[in-house]
Amino acid sequence: MPDKFVQAQLSAMLMGAVARIKANHKELSRLDSFGGDGDHGSAMLRAADAIAKTVSGAKKKATKDLLSDTAWAVMGIDGGATGPLLGSFFLGMSDAAGKGKSLDAKGLSALFISGLEGVMKNTPARAGDKTMLDALIPAVEAMQTGAKAGAGIPDCLKSAADAAAKGAETTSKMKARFGRAKNLGDKSIGNKDAGAVSMSLIFKGFSEGVESA
Amino acid sequence: MPDKFVQAQLSAMLMGAVARIKANHKELSRLDSFGGDGDHGSAMLRAADAIAKTVSGAKKKATKDLLSDTAWAVMGIDGGATGPLLGSFFLGMSDAAGKGKSLDAKGLSALFISGLEGVMKNTPARAGDKTMLDALIPAVEAMQTGAKAGAGIPDCLKSAADAAAKGAETTSKMKARFGRAKNLGDKSIGNKDAGAVSMSLIFKGFSEGVESA
Amino acid sequence: MPMKKFVNKPEDLVSELLRGFALANADKIKVLDNNLVVRARPKAKNKVAIVTLGGSGHEPALSGFVGEGMLDISVPGDIFAAPGPPKVIEALRMANRKAGVLFIVLNHAGDVLSSNMALEMAKREGLNVRKVLTHEDISAGSRKNPTDRRGLAGCLAVIKVAGAAAEKGKSLEECAAIAERMEANLATLAVAVSAATHPATGGVIADVKEDEMVVGMGQHGEAGGGTQKLKSADETAAIMLDALIKDLKIKKGEEVLAIINGVGSTTLMEQYIVLQSVKKVLDRKKIALARCLAGEFLTVQEMGGFQMILGRMDKELLSLWDAPCHCPAWSVK
Amino acid sequence: MPMKKFVNKPEDLVSELLRGFALANADKIKVLDNNLVVRARPKAKNKVAIVTLGGSGHEPALSGFVGEGMLDISVPGDIFAAPGPPKVIEALRMANRKAGVLFIVLNHAGDVLSSNMALEMAKREGLNVRKVLTHEDISAGSRKNPTDRRGLAGCLAVIKVAGAAAEKGKSLEECAAIAERMEANLATLAVAVSAATHPATGGVIADVKEDEMVVGMGQHGEAGGGTQKLKSADETAAIMLDALIKDLKIKKGEEVLAIINGVGSTTLMEQYIVLQSVKKVLDRKKIALARCLAGEFLTVQEMGGFQMILGRMDKELLSLWDAPCHCPAWSVK
């Protein structure tokens, strides 16, 4: 595996996320059913299909375009809260992608940072609010730390995935303040947030996709 | 107990039926629930209340008027099939009642025959169709036999009640051909017809009411 | 298990529901002291009046069909129980007029008994009343034994065309002929998937096994018809539609009306899905879906399931179907 | 346990239900290829257009509110899931006109996210769009934290008065002000007694114990509010109405609108009974029930329960409420 990242690797990374989501959508719906409406898995499944379709139709697209096409495809799934938020993550990544054809770990990290900003622009939720951000923020931070330390993309993604998983884990102790689950109040404590788990699956899939590429 | 029958005895007879129905309405609804819509008991309860109200407001009414008032009260209960059929039984009895103030067993038997005709005028159902007629017909016949043999009213009513009970019993082997239960077809076999049971309760109540008067 | 219904005392069910009904539809109907439901603005006296009767608990039916282009008077009974003859004769007297009264009766034992007794009295009093019986349920008997067939939600179509004819000033004979023509060309089949509870007795009506459905269930939970494994919307629609088409002997090229009537907890979403299934089957058979409708018109408390109604339409019936109406349950502009 | 619903493949739910919806309401609406729901006869271009968006599975809401005197375009999403921004921006473009577009959004995370992203694009493109958020659910937060409050079936009242204002030729500013005034004077509270199943996932939403009810249940089965023992219609109505009156600070002598919105398997019979309970409580408190309505407008599949909506009315709001409308879910003449 080259330490520069070209379109084929980006596609593999995205397809890794697709595979992870497809394998776990039922669990995501189950988690959403505690305080939400039990459909997060099916929304993520549609998002995964939309990503897969975009990737497979994207022979030789520039990174920027592949990411913005992915964003629009995800936003187009009619996916409740998931579509717009996940879409704005990819749209944010696309915004930061330059014209260049390849990316190193620092470059990918910069894309993730911009993706996170895209999400945060669209929701008042912050760390600790029991949302997907509780997986996304630590993942992006771990990626950044790794890149700064000079690690390659695969290692950086592995630590990002670990951080996301840990972040998702912590949401079970949190009280939901956004999304449908907020109506549960204190009763939301005890179960992991569906969106945080799906975000951790995405990073796990990113890492696996790049490994196998 | 006098062997002539005056208004007080007629009232007691009707009130005996009221008491019997009130004590058994749940069982009547239960029987109706097998193939019908499970409301025969509540219809009979309303019929009983209507009869009781008429009787209690009927100080010194002629037999004819007491019976026709009872008929209209029963028809007024919005009781599905029960109201009109039971109403036409009492209306038929009223039709045959003369101006005289007292009745012997033969006279009461003639009233019941006319009541039965009132019912049969209003439904094509006949003996063996698993309806209230399967209790009413044997009851009226037993009454007639007793009266012809010279028995007094209490004895006649007792044998009428026995005949009605036996008749109701036989309906469990019949296939419903009228009323909502007919839609059950062969599956209607095995349970007694609700209407036949309520008719047998009425005759049982008639007999008890007269005994206690 | 306690009944999960928002009710008060069982004996007040009908009077309370009629009070709420009157509040919610004050622009369209009035509930009189004797519980008869009449139009807020009565129809002109020189037009035929239309009267029906029937048990309560099927809301919006039948009182929800009172209004412009539909019924003039509905006589509501107790829950699932026909009103008694005294109330029915009152309604016929109130509706009576030179132009005549069309009296639409759904074929159920109680309704038929009450209406026949009331009709007899009406005739004795010289009232100008003409009765039409609806009995379009194909599950309960063959077309040759019409009295075996129950009157289900197809009454909506009969009331609609007769109501439009009356509003147009047609004579009693003409209105009755139109109602009878619609009725003769109408077929209904019901399917049930889950039970309801009787709101007064709390008794369960029409229990259906977990993985089953019952085709041919009556609208009071009377059993009947074919118990079978649950099927998809497309499959269920095809089974039911085939039976209806066969019963009516509908041929390629004919024009039909289809109504999906939700009976309780089956959602409008599902009713729409079934309707598109119906369209697919009719397209395959080259039968034209000239008009259609979906919604809860005649319910069976919270029973799960629906009634599928199919009608063979001709030009006049179509134009009467399209005529305006405005009643609590339905509005055509 | 298999789901007792008449559906086909989960992924076809929305397209199939929209196909049936279009068949059943061809005189009132059209469903475009991109699934946007528009009026059969478009409103004049010199009048303000009204657009909304929302997940499916709540039929007849929200697409059933498209029609004369109500909405111009509805953007349906997937089951219980807001449509994505791309479809919403398409709708805003299509509705755009000099008179302007009033964009009514129910406060749910997905709807707000999609509508905000679409609005941002609309602004960039210079479209003349004004957004109004509905959030009248009093169970989910105090009036001081409006963003915590969900948008429930009260949107019907907001759409009704804004729709009538637009039809009368009022400006975008005026229409928005009317919508906001209605919204500010509106309060909704839901009660659930029995669960529903998600038609795509088969998952149970909002399980309620046998002898309990949940006041404050959201319209997707999101938990919340007060679990309590089942109560009678009169008692439940009094509890809910007291909370609504308190929230809106309604005083003796004021005029209110009350809507009982059945959410699924709770019968119209019960909705009417609850409405008469409401009237009794208001009479006791000397608050005038100026207008009322009962029916299924925004459902939660086959969930048992209802939403009670209370609105403080003024003269203008009352006259807009009384104005004609004609859409699949409702008709005022």
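For the reader, a short list of remarks on this structure follows.
Letters A, B, C and D name the chains as they come in the text, with residue numbers starting at 1 for each one.
Note that in this section contacts are C-beta pairs under 8 Å (C-beta built on N, C-alpha and C of every residue); 3 or more make two chains touch, one makes a residue touch a chain.
Computed from a predicted structure; not experimentally measured.
The fewest steps needed to get from chain A to chain C, moving only between touching chains, is 2.
Common neighbours of chain B and chain D, listed by label, are C.
Chain B and chain C have centres, each the mean of its CA atoms, that are 32 Å apart. Rounded to whole angstrom, the centroid-to-centroid distance between chain C and chain D, based on C-alpha atoms, equals 29 Å.
With centres set at the average Cα position, the gap from chain A to chain B is 77 Å.
The touch graph of these protein chains is an open line. Chains that are in contact with each other form these pairs: A-D, B-C, C-D. Residues 10, 14, 55, 77-87, 108-110, 113-114, 116-117, 139-140, 148, 150, 198, 200-201, 203-205, 216, 218, 220-224 of chain D are the ones that touch chain A when the two sit in their complex. Taken together, the chain C residues at the contact with chain D in this complex read 1-2, 4-8, 13, 16-21, 23-24, 27, 56-57, 59-60, 193-194, 199, 210-211, 213, 230, 232-234, 236-237, 260, 264-277, 279, 289, 292-296, 299, 301-302, 304, 306, 326, 331-333. Listing the residues of chain B that touch chain C in their complex gives 29-30, 33, 35-39, 41-43, 46, 72, 74-85, 87-88, 122-123, 178-185, 187.
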